[in-house]
Structures are given as C-alpha cells and as structure tokens.
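One chain, chain A, links the two complexes that follow: it is found with chain B in the first and with chain C in the second.
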Partner chain A sequence: MPHTSGQPTDSGKERNGSTDTFRAPGISGGESVPLAVPHPTRHLWSRHPWLWFILPAIIGYAILFIYPTARAFYLSFFDWSGVGPIGDFVGLKNFQRLLTNDRFWNAATNSAKLFLAIFILQNTVSLGLALLLNRKTRMTHVYRTIIFLPVVISAVATGIIWVLMLDPQIGVINPVLEDIGLGSLKRGWQSDPAWAMKTVYLVQFWQWNGMAVVLYLAGLQNVPDELLQAARVDGANRFRAFRDVTFPMLAPAFTIVTVLAFILIFRAFDLVYVLTGPQGAPGGYTHIIGVLIYGDAFGTSGFSTQPRLSYAIAEGVTLFVFLAGASGLLIKALGKRKEAIA
Partner chain B sequence: MPEWNDRVNVVFSRRDLLKGAGAAGTAIAVGNLHFGAAGAQENVTLTIWTNHPEWLGPLNSLLSAFSATTPHVAFELTGVPGPDYFAKLQTALAGEQVSDIVGLVEGYLLSQGPAAFPIKDLTGIVDPNLLIDSARTQVEIDGSVWAVPLASYTVGLAVQNPIVAENNITLPTTWDELKATCQTLVDAGVTPLILGGKDGVHTFFIYAGLVSTILGPEGFEELRAGTRKLTDPDLLEAAQLLKDLQPYYNEGFEATDYVTAKALFAQGLGAMMVAGTADFTGFKQENPDADLGFIPWPGKEVGLHSTNTGMELLYAVNNTMSAEKQDAAGQFVAWLATAEAQTIVAESIALPINNQVTELSDPIKAGTLEVRDRDVIVWYDVPETANTLTAVTEVSGQLWTGDITPEEFAQYVQDNLAGPAS
Partner chain C sequence: MSSVERSPLSTGKTWSNVPSAPHSAWRRRLSRLASEVAWHGALILACAFVLLPIIIVFFGSFKTIPEFFAAPYGLPKQWDLTNYRQAWADANLQTALVNSVISTSFGVIASTVLAGLAAYGLARFDFAGRNALRLLFIGGLVVPVQLIILPLFVIFRQAGILGGLLPLCLIFAVFGIPLATLVLTGFFALLPRDLEQAARIDGASHLEIFWRIMVPLSRPAIAAVVILNGVWMWNDFFLGFILISDPDAMTLPVAIMAFRGTYLTKWGLIFASVIMSSVPVIIAYLMLSRQFIAGLTAGSVKG
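Showing the complex of A and B:
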C-alpha cells in the first residue's frame, strides 16, 4: 500500500545500525534519510492526548490511595509502635495474632450483627417509608426533608445527642417513659449488655435511614406506572403488585443500598465510638472493628498507652481484603439477580 | 490530529516540566533562606501543644512570664483535648510535623527510648537537680536529660465536702471503712462513688490505687522486678474490692464517659470520685462553687493508705528546627524546671516538679502534698508496667458485666504488664 502521509511506518522504516531511517515513498534503494522516530512512550502520549487530562487524577490516586495501601501491606509485616524506626520483620505474626485474638473476633462479630440489623431495617422500615413518600401529597417534600435530615448531621454530633438522651441520670428518654406510664421500660440503655447493641442498631439506623429511603425512592420513581396499572387490571391487589412488579424493579436500588450498607457498617467508626467508647461499653458488647483498629493504632485514652500501629495496620489490611472480596461477591450475586429479573 | 499532538508535545515535554520544577524549587529554597535568616535575627515563635485545653489561660500566663524575660521568644500554644492528644502526637511524629516544643506523654520517653523521637539532648542545659525524684526518673536516661515535665499530679479520692458534712461521714482510712461509708451514703440516698467506666481509665486508677495500698513504694519495685505478681493472693483482694464496690458506683457507670463522670461529681451527684490533681481545675470549671477535698486511697489496714503520682506532658526540644529556635526552646525548657516557673505552675495548673517549691497556696494542692507520704509512681510511667492501663481498659468492662472474675481480671493484667502476652 502506498505511503502518502510522510509519517514513518513499519513499511517505510528500516533499521540501519542503531539509527532509525526513513525512506520516502516511491524511492527505491539508494539513500536513506536519518529521522528521529518518537520514543514508544512518547508515541503513546501523542496518540492518546486524553491521557494528559487524567494524569493529575492518576497521580493523585496513586499518591493518596495506591501508595498508602501498598505501604500499609508492607508495614503489616513489621513490628512497629508507630514512632521511631520501623522494628523487626515479623512476617505474618501480626495476622496470626489477630486471627487468634478474641477481641478481634468479638469486634468482627459485632460488626456483622450491626450490618445484619441495618440490612433488615433498611429493607423493611426504609423501604416502607420510601413507598409512603412515593405518593404525591402536599407535605411529601417536607416529610422527605425531615427523614433525610439525620444523614447530613455530623456523626459525632449525632452520637453526643443520643448519649445525652440515653443517659440514665441526665437523659430525657427514661423520664419520658416514666411520664407516659411506661416506667417499666426504663433501663440503662447503654450499660445493660442486653440492650447496648440494640441501642447502637437504632442510632446507626436513625442516621442512615434517610439515605436508604432516598435510594429506594429513586428506584420507585423508575417503576413504570403502566406496569402497575396492568397488574391491577389483571386483578393484582396492592401487595401482589408490590411483590411481583415493584420489588423486582427495585433490584438496582436494592444492590446499591445493600453494598453501601455493607461497606459503611464494616468501616463504621465515629458514631459508634462516640456512643459506646473505645472499648465498646459495656464489656465489649458493642465493640466494632473500626473502633478496635483505632484503639490499637492510637491507644484508647489520652493517657500513656502502648500503641501497636503495625498490628492495627494488619487489622486494617485484613478488613480491606475482606471488604474488597465480600463486596465483589455481593455485587456479583446481586448482579445475577438483576439479570434474572431483567 | 497532528497539530494537537504537536502542541501537547511542545507544552508538556518532560524536559520542560523538569526544568520548570527545578527553577521553581530553587526560587523557593532561595526565598526561604533569605527570609529565614532575616527572621531568626529578630524574633522566634515556638509552637507548643497541651493536652489540657482547660489550661490554656494559665499556660499562656506561664509562657508570657518567660517571654517577659526573653522578649524575642513568642509562643503559639494549641490545646488538644486529652483523648485526641496521643493520636495527634503519634501522627505528627510519624509525619515529622510535631511542634517545636515536643510534649511527650509520660512514660513514653522511657518505654520507647529517646532515639525514637526527634528531640535534642538537654544535658548541660537543664539542671536535673532541680527536679523531684519521680520527675527526674522520667526524663534522665543513662545520664542524659531529655525533657522537663510541665507539672506533676497525684491520684486519690476527691471528696464532696458538703455531702460528707450533711451525712456526718468520717472520711475512710481503711477498706472496711470505705465500704461502710458507701453503705451509709446509699442508705441516705446518695451515690457514694462516681465512676466513668466507659473507657476504663477511671477503673485503672482505682485498681492501681487499691493495689498500691498493699504494695507501697517498695512492693511496687518488686512488681516491676517480677518478684510480686498481681495474682498473688493479697493483691487479688484489691481486684475483688474493685468488684465489691460495684453497687456503690453511679447508675449506668459502665457506659458513662470520663468527662461526664467528672461533670456529675462536680455537680454534687456523688460523694467521692477517683481524681488526680489535674482534675480539680475541670471540677471548678464545671461548678465554680464546688467545695472539694482530697484523700489518699484507704488501705487494708490503718496507715497503709497510698497515692499515685505521675507527670503531665514532658516538654522536649524538637531537634529538626533551626539552631536559633532550638536554643530558644532549650532556654524555655530549662526555665520550666526552675522555682520561678514551677511557682506559677503550682498556683494555677497542677503540682510542681521543682523540689524547692513546697509551699502551696491552693488548699487542695497543699493537702495533696500532705497526704502523699506513701506514694507510688503511676504505673504506666515505667516500662515494666507500661501496658497496665491498656490491659485494664481492655477487660474492665467484662469485670462489670460479670463475664470475667476478679481473678481472671488480675491474671489478664499480669499477663500484659509490659505488653501483649502473645
């Protein structure tokens, strides 16, 4: 094929020792004209100029995420308190220690319980609220705002408010129960092992309910009215219409709500830390994995504690691997469900 | 699109970028040298952190007193709430962004060793002979002096004087009297003991205090040496008493945090509370009218009472800053150990660490010094028992819920005296 652009190609280029040469089209034999051929890397940037646009983001991502993550993996194999020179290489000892540590498994179990509780509440209460708010009334926007409000309140502020309300001595919840004739329900909400974790479920759900409601609302608004009308024409009552038409159509929202809840709960820290403290009071019954990692990394009080940063990093790495793997499986499983419905 | 490609190559060639970056870096470096040199001849501003934001006023007065005699030195003081301080310090050390005057947490210097920190050797600058023994042992390592504590504190029981008077209580001096006093108060409808059990810090101080009454200073040295154990039968009694006092703590104490517990006590919602000297400033801020007293931990028998004394932040000099700033910071730290500085500390902050300052105007501080005749160092100040606070906080909640026995509690702490057993 004749070469007309004047640019070097494989057909018009030949090696002459270490120097690239260019033979003009139509010229046979004779002289070769030396030419500086673009370096392969430079050629890549020339052919794909859009790479320049994403370069800052790639650099930022590498500096702020990839490098710290790789560094965390590296440090988890050492014995290091967090200050001074990095200590001895200990291989997998930190991982071995945490996997045989009751406190780690207790926190992991509590995190799993918290996720399960939030999963159930989001797919019952939040979904129910979304169905109610999907109706068009004069007050719909007001209700939506009220329900979403806790999401925008700082988790720390939320925690402090609830701690004060639940306090058995200065809180308002027990006196209110007393005043409305439900004094028998008064209890140490946060100090009673039987109720402390349930209190955490409630407060965590109170804060994130609005997010699930909004996601489900968005899903509900994508359910075509024609389908619901057709179901009703076919004699389906409200429940059947919801079960067989609306709910299947909510599959994408269900996936998002579930995966988000999974990730948010397993890396939850601030709200639970404020609510039940660095040791998951009482007696570790509310200790979750995020709080455990923070305590091991930076100590559990303002007094002199012995930090175990590399051990805490190993806990973080374990959580990272678990979340990445489990989230992938979750998305895959829920994706199959979506495909089946489609 | 050759034109676009050419343009990109021209504008963003690697060589151009490197040249530009090099030129900019050189300009910045030259600029810094110029302004740095000019600034050092004039004034020096030193950054310093405190883990007691409630002390910002008194600390500023202390710093001003130094600046009055050394006008070219100014300070930038930052208050970091106690529970956040350790995380901030550790992160700053790892990121090489620590303050000019480094406030090390007590015990940290001994357990980690001076080489772990970017601090200057202050031997020959600070006179260690000015320091009380418990302060000196914290900052003098292998003959070198590395820091000066801001102040010291002593832990025992804070008492609400009006409640004691109203209920005709005689302050307890033995364990039996303590239990009897608590029962009398409960019968009168008063909460005998305020405890913030949420993070386990108060629990640690009560446990350490009760064990210290049995050990005394000599016995504590045996614990450090490993010849005494927290599981020894007589020491187990302290863990048992800690549990036996559970009915006398405030309702919901298991989930009450440190700060809320202090507020409850300051407001008179309980008769007694574990407290250190530094806590009294907070009590007064919460309730300026609070009428408070201080007693040592009652002993198993009369005369075996005890207190625990520790150090506030150990101030050292950051050795990564300019020589001028290091000199200025060294001057300040040396001055901090003097009677002049420690008189200010004693009047407005906590107990002095200068051995010449013994006359205190504050009645609670003066009373503390009077009852500090059988004193044991705060356990986490020394490497052999450095991990006891962490260990107690990890399992104290389970002691309250009944998931572990006092014996198992003591065993866990013993197994983790200096670090995790595993």
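Showing the complex of A and C:
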C-alpha cells in the first residue's frame, strides 16, 4: 500500500500527542527535527495515525472473514468430504457437477420464487400499509409498532409459531376453516406440494413485512406536502398525484427494500429450516439454496447422507458470486432509474 | 377534490352560518366517517395478522396436550405455570439465556468498538486505498454465512475449540463489523470538522478526539448499530446450530430447536419455551420501539 500521508489538515500538531518526533516550532516546511533517531515503525504510526484506528478491525476481519472466504474459494477446487486430509485437486469439477445437478436448480428456483413472491407482496401490501400509515394520528404509532413487531422475533420462534397455525394435528387454521363452514378448504398445508411453498411465502412475509412498511414509510415522509398540494391544485386526482409525484420519490426506498429482500432471501436459512426441515419437505418442494448448502456440507440431505464439504463450498461460492454480481447490478439499475427521474 | 374547491364547509366550523349547508355537511361527515372506519379497519386487519398467531401460541403455552385437540384456538382451561416450569428446567433455558446474553453482549460490544475505530479512520482521514478498504468491510454484507461458516468450522475444529461458546462469540464480534462500519462511517463523515480541529489545536490526540468528541456526538448512530447487531445476534440460529454441540453452551434458539427435537409432541412445553425466549426482546422492543425501528432501518437508509 502506498504510504501517502495523513489528512489534508496535517498541521503537525497532532504529531506531538503520540510520538517522540518533534517539529521545531515555527518551521513550516515540514522539516522535523528528530530528538533521537525515530524507530521506523513508530515513524509509520505517527505519519499514518489512521492505521491505529483501522488495524484492530482489519486484523479480526482478516482472520475470521477474509481468510475463510479466500479459503472457501481455494477448497472449492478440491474433492474433500470435510474430514481427514484434503483430497485431490479437481479444478472446476465441483462447479460443473452442481450446475448440472437438479437439486441445485430446484433449490435455486425455490429461492428465486420466494424472492419474487416477497417482492410482489412488498410492493402491494407493504406499500399499501405504508401509504395508510403516512398520517399522524394517535393510533398511527400503535399500528406501526405492532406491524413491525415480527421483525424482532427470532426465526426459530416465528417458525414454531406458524407450525401451530399450520400443523395438521394441532394446527389452528384447519379447525377455524371448518368452524366457519369452509371445511372443504382444509388440507395439510405443509405436506401438500401445491401449498407447501406458499406457506413459506406467507410466513416469510409475516416476519419481514414490517421492515418494508417502515422503509417505505420513511420514503413517503420525504415527499414534501407542498408538492402533492401543487399537483392537486393543478387538477391531478389522488391516483395521478400518487403516480406522478409520490411514486417517483419512492425510488430510493424501493431500491433499499428490493436489495435488502434479495440479499436476505438468497442467504436465508433459519426460518425455512425450522418450517420444513433439512430436506425442504415435502420432497424438496421447499428446499432453498441456504438449506441445500447446509445439508450437502454436513450430510443431512436426502440425496446422500455423505457430507461433501468441498462440493457444498462450491455451492456457497456460486451463491456468493451470484449475490455480489446481482446486487451490484440491481443497485446500478435501480440507481439509474432514480437518476432518470430526477 | 382539489384544495381550491374546498369551501368553509369542509372545515366543519362555519356550516351553520350557511343556509343550505346542513344536508351536505352531514353527508360529508358521513363519508369522512366511512373513510375513517375503512382506515382503521385495514390497519386493524394487518395488526390481527401479526398478533393472532402470537396470541394463539401464548394460549397454547398453557395448554395440556388433550386441550390442543379439544379447543385448538380457544383459551386454555387453566393459567398455571406447569408448562413454563417444566420447559425452563428441561430445555435448560437458564443456561441458554446466560449463553445468549454472553455471546450477544460480547459480539455487540466488540464489533461496535472495532467498527467504531475503523469508521473513524475511514471517515476522517484521507489516504490511498481508503475507499477500497471501506468497500472491503461493507462488501462483507453480501458474503453468504453459509459459505464462510464452512471453512471457519474446519478452522475452529483444528484449533480444538469447536462445540463451545467461544467460536460463536468471536464470529459475532467480526460478523457485526460490516453493518456497523456502514452505519458509523456514514454518520462520522457527516459530523462537522470544526470541533475536531479546535480539539487538535488544544493538543488532543486522535484517540481523545474519537472518545471525547466523536463518540458522544454519535450516540444515535451507535444505538442503531447496537440494536441492529444485537437483534440478529440474539436471534441467530444458523451459526450457533453449526458451531455449538455442547448442551451447556447452547444459545436460546439452538436450545429451543434441540428441545423441540427431543420433545417432538409436547407442544405446550415447546410453546412455553418459545414465549420465554421471546419475552426479553419483545419487552425491549416495546419499551424502545422508536429506537428499534430507527436502528433496524438505519443500515439500509444510507446504503
């Protein structure tokens, strides 16, 4: 790293505090007069005080974040079950295998569907609730507090809470349907292939709806009232005022809500694991990418009980590359949209 | 329609002065009442969607097994604490609670200190590679935990510390850095430089400036970071699930899932344990709901 020095306001004052290199007072040319021969490392510290601040985080981050990530990329080129010495170098074979594996594509498709479902719900239900909440009454705060509540509840608790709703034996939804005369709709919500993934959408939405509502609400509160009133004066009806004034100004909130959901859902594990287990019951219909990687790494997948760590790592690397690339593109595309409007 | 057309009638104050007013003002009031009812109705519906499952689980936590079949969504027959007492003992919740408190507080404090120092360095000094470094920290947000945990699992196994609470604490301390850096760098960069310069003229060191000026001025941002990281660490299941095998080292979510695995159909006990594990975070949320909402959305607003 090139050692270009300090801050623009580098006045020499700050050096007095922490080093034994002193500047002769009154000399402005930057000629320091060392009282003793400065220790080379001390010199480095005093010239670059920011190093002091960044180093602790860098060290921790390098050991427990950057190194393991690099190590993951390295291991993805080997054939290794995870125990014993690392196996043979196999090049891109793990990637080739996973890209031609139906289970991988099944899980990837389910993750994509889950994202799409949440995306749609966020831009209809959550946005609608945010519009409703965008006025100040005594009850607004109460409603907002309740709607946001599931965001702070753990995924484990959420999953178990919804098992009580959906379970075929002790579940609540089936008896309720029966009691209101809709008994024909009763089913094993989580065991019916046509409904299993939909229940995952529902529960995921239950947990994260509040986040989208609050982010959209923050966006709405940035829309100046005068602008809306001006539009109304110009003869725009409520819908047109929303479409032409409010909606464009929601672009930043839309970007945040979408990118956040994207990252959260493609990395998701806890909630879906609690709801439908390690194999995406029934029969892989709710298998998502985060659960698939776990199963392949530790050998709890239905396909094979053999742990295949390096193969699972290759799946993780693929997911990482996809997430980094796609969220970069998303931010860029959505940012452009914002510029086009401005 | 538009505000220009609004007559004094709509204010509701002067209507009696206008001869033809009473009828139309009455209708106006009625339609306003209707829209008010619709507004509350829609929001109450949304709140019911959130609250009903929680309330039903709360009822369930007091029920005996036969009651689940007899009255699936009804009130429990008795409100005694049998389920709670047994779950507390059998699920080892006391130990789990202590473990959750230890790992979450260690993770929150360590990551906030590390990221706070780093954010000061990144926001207040100009040096080559500053942006690259910032990106390196914040880029951690898109690294899937599923990827990074696998090599870490191997590393901790080699180090012989796998299974206990220590690896989780260390990982929390470091995994909290990306979000904390994102929020704090953004906040520090916005603070005016005058104070800092004045302090430097008075001979304050950088560390003093950081501790005496930046930290006190950044309380809201620090609170946001603490809440943001605290909530996910407290609620984390995946990392603890993979790293902890010793029952005495389990955090709350891990202990509850283990409990659920062994007590498959003892529903009342499982729901009691869910309620007990959620109470601390729900109470904290209800007391500080504004801060929670601001905090949990702070990371995203700047991104």
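A few notes on this one:
In this section, the second predicted complex is superposed on the first by the 290 of 342 C-alpha atoms of A that agree within 3 Å, B and C clash if a C-alpha of one lies under 4 Å from a C-alpha of the other, contacts with A are read in each partner's own complex, and residues count from 1 in each chain.
Everything below uses one rule, namely that contacts are C-beta pairs under 8 Å (C-beta built on N, C-alpha and C of every residue); 3 or more make two chains touch, one makes a residue touch a chain.
On a predicted model such as this, the values are computed, not experimentally measured, just so you know.
In the three-chain model built by superposing on chain A, chain B clashes with chain C. Of the two partner chains, chain C is the only one that A:69 touches; chain B does not reach it. Of the two partner chains, chain B is the only one touched by A:299; chain C is not.
Shared-chain residue A:162: touches chain C; no touch with chain B.
Considering which of chain B and chain C touches more of chain A, the answer is C.
Within the superposed three-chain model, A:82 lies in touch with chain B and with chain C [touch as defined at top].
By the touch criterion defined above, A:46 lies against chain B but remains apart from chain C after alignment on the C-alpha atoms of chain A. Looking at chain A, you'll find residues 49, 52, 82, 169-170, 294, 297-298, 309 touch chain B in one structure and chain C in the other.
Across the interface of their complex, chain A is touched by residues 1-4, 39-40, 42-43, 46-47, 49-51, 53-54, 56-57, 60, 68-69, 72-73, 113-115, 117-118, 120-122, 124-129, 133, 136-137, 139-148, 150-152, 154-155, 170-171, 173-175, 177, 181, 193, 197, 200-201, 203-208, 210, 231, 234-238, 242, 252-253, 256-257, 260, 267, 270-271, 274, 277-278, 281-282, 284-286, 289, 292-293, 296-297, 300-301, 303 of chain C. Residues of chain A that touch chain C in their complex: 1-2, 4-9, 11, 13-14, 16-18, 48-54, 56-58, 60-61, 63-69, 71-72, 75, 82, 128-129, 132-133, 139, 143-157, 160-162, 164-165, 169-172, 175-176, 206, 209-211, 214-215, 218, 229, 232-233, 235, 237, 256, 259-260, 263, 266-267, 269-270, 273-274, 290, 293-294, 297-298, 309, 312-313, 316-317, 319-320, 323-324, 327.
On the chain B side of its complex with chain A, the touching residues are 1, 4-5, 8-9, 12, 51, 81-87, 90-91, 93-94, 105-108, 111-113, 115-117, 197-201, 250-258, 260, 264, 269, 380-381, 386-387, 389-390, 393-394, 396-401, 403, 419-420, 422.
Here chain A touches chain B in the complex through residues 42, 45-47, 49, 52, 81-85, 97, 100-101, 103, 163, 167-170, 188, 190-191, 193, 196, 276-285, 294, 297-309, going by the rule given at the top.
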